[in-house]
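After this come two complexes, each holding chain A, first together with chain B and then together with chain C.
And now, the complex of A and B:
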C-alpha cells in the first residue's frame, strides 16, 4: 500500500479504503446521536518481546511492536487512549518488559495495560506492577465503564509449590501446548472486587471489560480458556450492553453469549492456528467465528492485522484489515442478535484462504 | 573374492544347521516383542522431535517451533509435497521445516537427512495422525 493510500485511509476514519498492515485495533465507541460523546481508542496486544543475549532482542517481534506504535500515532481521529492487551514480554524478564515499555513509550497518549501470563509467571508480576501499577482496576470515560482484569492467575499449588524457580515456572507457562500447564482464572478475590465495582454502576451503562485470556471457554489444551469464565459472565449479566475484548489468542475470534459480545485482538508478534485445526483433541471455537484468512508465513507481519471497532449504541462492529488479504467486517446484527461477518458469514460465501485444517 | 566366498560358506553352514534341526525358517515372521520394540524406537524419535520442536533446537534467537505451531498445528504434513508458491516449486515438508529454521529462528538449516530433521518430521506427522493424505492441497 502506498503512503498516499495509507494517509487517505487514516484520514478517512471509519471508511475502509485500502488494505493495510496495521497490527493494532482502533476502537470507536459511538453512543446514539450525541457526537460529542463518541470516541475512539486503539488496542495493541501480544508483542512477546524476547531477550536473546546482551542488548539483542528478537528482531521480528521488535519490528511488530515498533510498527504498531508508529501506526497508532498516525491514527486520525486521534484515539482518546490506547489499550495494551498483555504479553509485552516472552519470558517475563525485566529487560524484556523494560525494552517493550521503551518502544511503547513512543505512543502519543495514555496507555492502559492488561497483565499477560508472559509478563507474570517469572516473578508473579512484581516487575510489571512496579513499572505499571495495579493489575486490575476500573475507570469511566465519556459514559462507558471500563474494567481491567488480571485473568491469567491459576491454582496456588501450581503457582507456589510445583516449580523450583521462577524461571522454570515461566518456562512451563510459556509453552502453550504444555500438558503440565494449568488453567487461567480471575480468582475469587478479583471476582469479589468486580462485584463490588459493578454494584455501583447503573445497568444501562455500557460496560467494556479487558482481559488477557478469553472470558469464555474455547480450548483448555492451549489455555484459550478462563476457568471461572461463567462466574465472571454471571457478574456481567445484569447489564444491557457488555463487550469483552481480549488478547492471548493471536487470531480473529468473535462470539456472543447472552448479553456479552466477545472480540479477540490480533498479536503484533505472530498468529496462532485455530484450536480446531489440532485433530487429536476436541476444541470449542465459537461457531460464529469465520476464521481469519490463512497466514502466509513468508510475510513477517501477515495475520498480525488490525481491527477498527465501532461500538454503536453499545454493540460492536469490527472492521479487520488483513495484510495481503481481503478486508473483513464483523458487524452487530439486530436480526441475528449477535455479530456477523458482513460478507463471509454464510458458509457458501467463504473463500479458500479461510479454510483452516 | 575371499570375502564373498566366506559369506557363501557361512550361509551354507547356516542352511545346513537349520535343515538339521528340522525347524522351518520363516523369514517374514516377527513377534509381538519385535512390534513393541519397533514402536518404542519410533516413539523415542517422536519424543526427540517433540523436544527439538519445543526449544531443543540450537536456535540462535531462542525462538522455537512450538511458539507458532502448538502441537505441530498449522503444519499440515499431509499436504506435502505441494507447490509452494513463495518458492516457485514443489516442496517437501522438510523444505518448509528448514525455511522456518532459517527465517523465524534465524538459524542454520538442517541437512535433509539429519536425524534431527527425521525426528522433527516424526513428531509433526505423529501429531497429525489419522488425517487423510492430500498431497498438493492448499
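And now, the complex of A and C:
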C-alpha cells in the first residue's frame, strides 16, 4: 500500500475513534490498489479458561473468550488469520485447554498459537503440543516473516527438580510476587534455532515475532519480563522493521527499543493494573505507553478485549477492541519513529485514572 | 388541548427563573440554543398532537406516545400510518428530557433530532420528506401566529428545526418523580414503601444487580446509565446470522442506506442495536438502558416489546438474559448479565419495588388528558 493510502486509513480511523467507534468498515476502503499485499490479522489472548469440576468452567472467562470469537468473526474485511497469544488455560489442565480450543474453533479462519505459562507448567506443555503442534516455528505471509517463540521457559532445575508434582509447579508459576518464582526465558536452544531461522531472511523483510511474555524487561515480580530479552533483541537487530507482539500482561503496552516495536495484547479474561501502581521494586513500564483508565468492576468485560492488526507498511498498527470501554488504536508513527496512541497521546486527551478505591 | 399537572408545575418554575424538579430528579437540562418559554411549550404540545403530519393524516407523536398510556402505546411494536408496524417498542416520553441520546440505539443525540425522524419513516409517519409538514403549518393561521411569536419568523421562514425545537421544549416539561420510592429515599418518609417494596429495593441494589445500569444516585435517580448493553433480548432472531446481517448492513450503509429506515424496516438489522449506528463490534445487539420510572405503566418491555410483564422481565434477567434457562446465550452478551439465582419471593419483591416507581401525578395527568381528549 502506498503511504498515501495508509495515511488515509489512519486519518479516517482516528476520526472515527474520536466518535468512539472502530474503523472496521473503513479498513477495506483504505486498502486500495495493491490489495493483495495488504492484510490484517486478529489477535486474541489470555483467556485463562478455568475448570471447576465435571463439565463446569468459570463462566466469566468462558464468556470473555466467546465474545472475542463472536466479535472477531464480524471483522470486515476478514482477517487473513488469527493469532492466539497464550494462556488458553488457567492451571494447564487438559480439560481447560480442550474447552478453550472448542470455543476457539468457532473462529472463521486459521489460528496460530503461542504457548503461555498457564498452558505449560502442569505437564511442561505436553497436552498443548499434542493438540497444537510445535511451540516455536516460523512462516512467511505476503512478504512478512512471522516467528513464534516459547518465551515462558525457565531454569532447568526449577522446572524439573524443585517441585513434587506438576500441580505444585503450576501453582507456583501462577503466583504473582512469588519469592519462589523464576524468571521466564527463551533459552539457549531456541535462540540458536532463531538465529538459524533469521539467517535465511533478507534484512529488509518485515519481521513480526510472537511471544507470550514481553521480550523486554518491565516488572520482574509479575514476570512482565523475559530474562534473555537482550539476547533475543540482538538477534532481531539487523532487520529494518521488527515488531514483537506479546500477551501475558493483560493491558495496553507499547514501546520502541532501537529497531523493535513492542505491543501487548489485552486479555479476554481480566485486566491487570499497571505495575507502577503496585511497585515493590524497580518497574519499567514502557515510557511510551499511555495507561488505560481503571476498569468498572461491574462490567465484567471492561478493560478486557482483543485486537486486530493492520500490517500494510510492514509496521504494525494495533486496533484494540475494548467492550464497555473506548476502543484504542496504537499505530506506527513515521514522524515519531515509534508507535503512538492515535487518540490519547496528548496529555490533555487522557482519561485520568481513579484515585480513590 | 391537554393540560398536564407537571406542565403547570414546571411552568410555575419558570417565573422564578429556575426549572423545578420533582422529588428524586435533577433539574431538567435545557440546551442553550433552545430555551423554554410558555408559548413554545404550548406550540410544541399542539405539534405533538397533530395527526396531519403523516401520510394518512392519522398519526401524530401522541399516537405512539399517548398521554393516557404513560406516553407509550402499550403495544409490542408501534403502529404507523395504515397500521404498518416497525421493529421497536415505543419508549415513554416521560423523563426523556434527561436522556443523553434518543431512540433505543441512540441514533439521535437529542430530542430536537429525534422528532424529525418518525414522520418520514416509511413505517411510521410515511411522508416522503418534511415538506408536507411545513406546508400544513404555513397554511394554518394559528401555527403561523405561534411560530411568529415564538421564533420571530414569517410563515415562509418556518423550518423543521423550529418544529423540532418546539416539540422538544414541550417534551422537556413531561417529567415525573415523587414516586413512593422517591418519598422514601429522598423525602425521608419511612412509611412510603411497604415491607415487600423495601425487600425489593434490597434485591434491586444487591443480588439482582439492577442498580448497576438502572442507577440510583445520592440525590436523584434516573434509573438509567444512558449506556448501551447487550442483555440478550432479540438474540433468537439473528442467532447464527450475526455475521451475515452485519456484513450486509455495513455494505448497504456504505452504499448510503438510511439507518433510521433500515433498523425499523429490517428485523434482523434492528437486532444489531447500537452497532448499526457506530459500526463498533463491541456494540452488537446493545440497546440503551431505559429508565424504570413509571415502568408499571409502560408494558410491554424491551426494545422489541417481547416481554409482556414485569414478572417476565425479572425471569429473563434471572435466567442470565434468556426467556428460558435452557435457551442459548448470545456470544455478544454484556458482562454483568448472568444468572441471578433469585428466589420466588425475591422476584415478586423486585416487581413490587418497580411498581413503587410510579409517579402519583402521572395518574392524574393521564386522567386530565382523557377528559380533555373528547
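Note that in this section the second predicted complex is superposed on the first by the 303 of 357 C-alpha atoms of A that agree within 3 Å, B and C clash if a C-alpha of one lies under 4 Å from a C-alpha of the other, contacts with A are read in each partner's own complex, and residues count from 1 in each chain.
As a convention for this text, contacts are C-beta pairs under 8 Å (C-beta built on N, C-alpha and C of every residue); 3 or more make two chains touch, one makes a residue touch a chain.
The model shown is predicted, which means the values in this text are computed figures rather than measured ones.
Look at A:293: by the touch rule set out above, it reaches neither chain B nor chain C.
Touch criterion not met for A:216: it reaches neither chain B nor chain C.
Once the two complexes are overlaid on the shared chain, A:73 sits against chain C while remaining clear of chain B. Legend: residue contacts after superposition of the two complexes on their common chain; A:175 is shown touching chain B, with no touch to chain C. Once the two complexes are overlaid on the shared chain, A:47 sits clear of chain B and of chain C alike. Contact with both chain B and chain C is seen for A:60 once the two complexes are overlaid on the shared chain.
Overlaid on A, the two complexes show chain B and chain C touching the same residues of chain A, namely 59-60, 298. Residues 54, 60-63, 66-71, 73-74, 76, 86, 99-100, 103-104, 106, 127-131, 138 of chain B are the ones touching chain A in the complex. Contact residues on chain A toward chain B in their complex (touch as defined above): 48, 50, 52, 56, 58-60, 175-177, 221-222, 270-273, 275, 277-280, 295-298, 352, 356-357. Interface residues of chain A facing chain C in the complex, by the touch rule stated above, are 16, 19-22, 24-25, 29, 59-60, 63-64, 66-67, 69-71, 73-76, 106, 108, 298-302, 305, 321-324, 327.
Those residues of chain C whose C-beta lies close enough to touch chain A in the complex are 209, 212, 242-243, 246-247, 250, 253-254, 278-282, 284, 329-336, 338.
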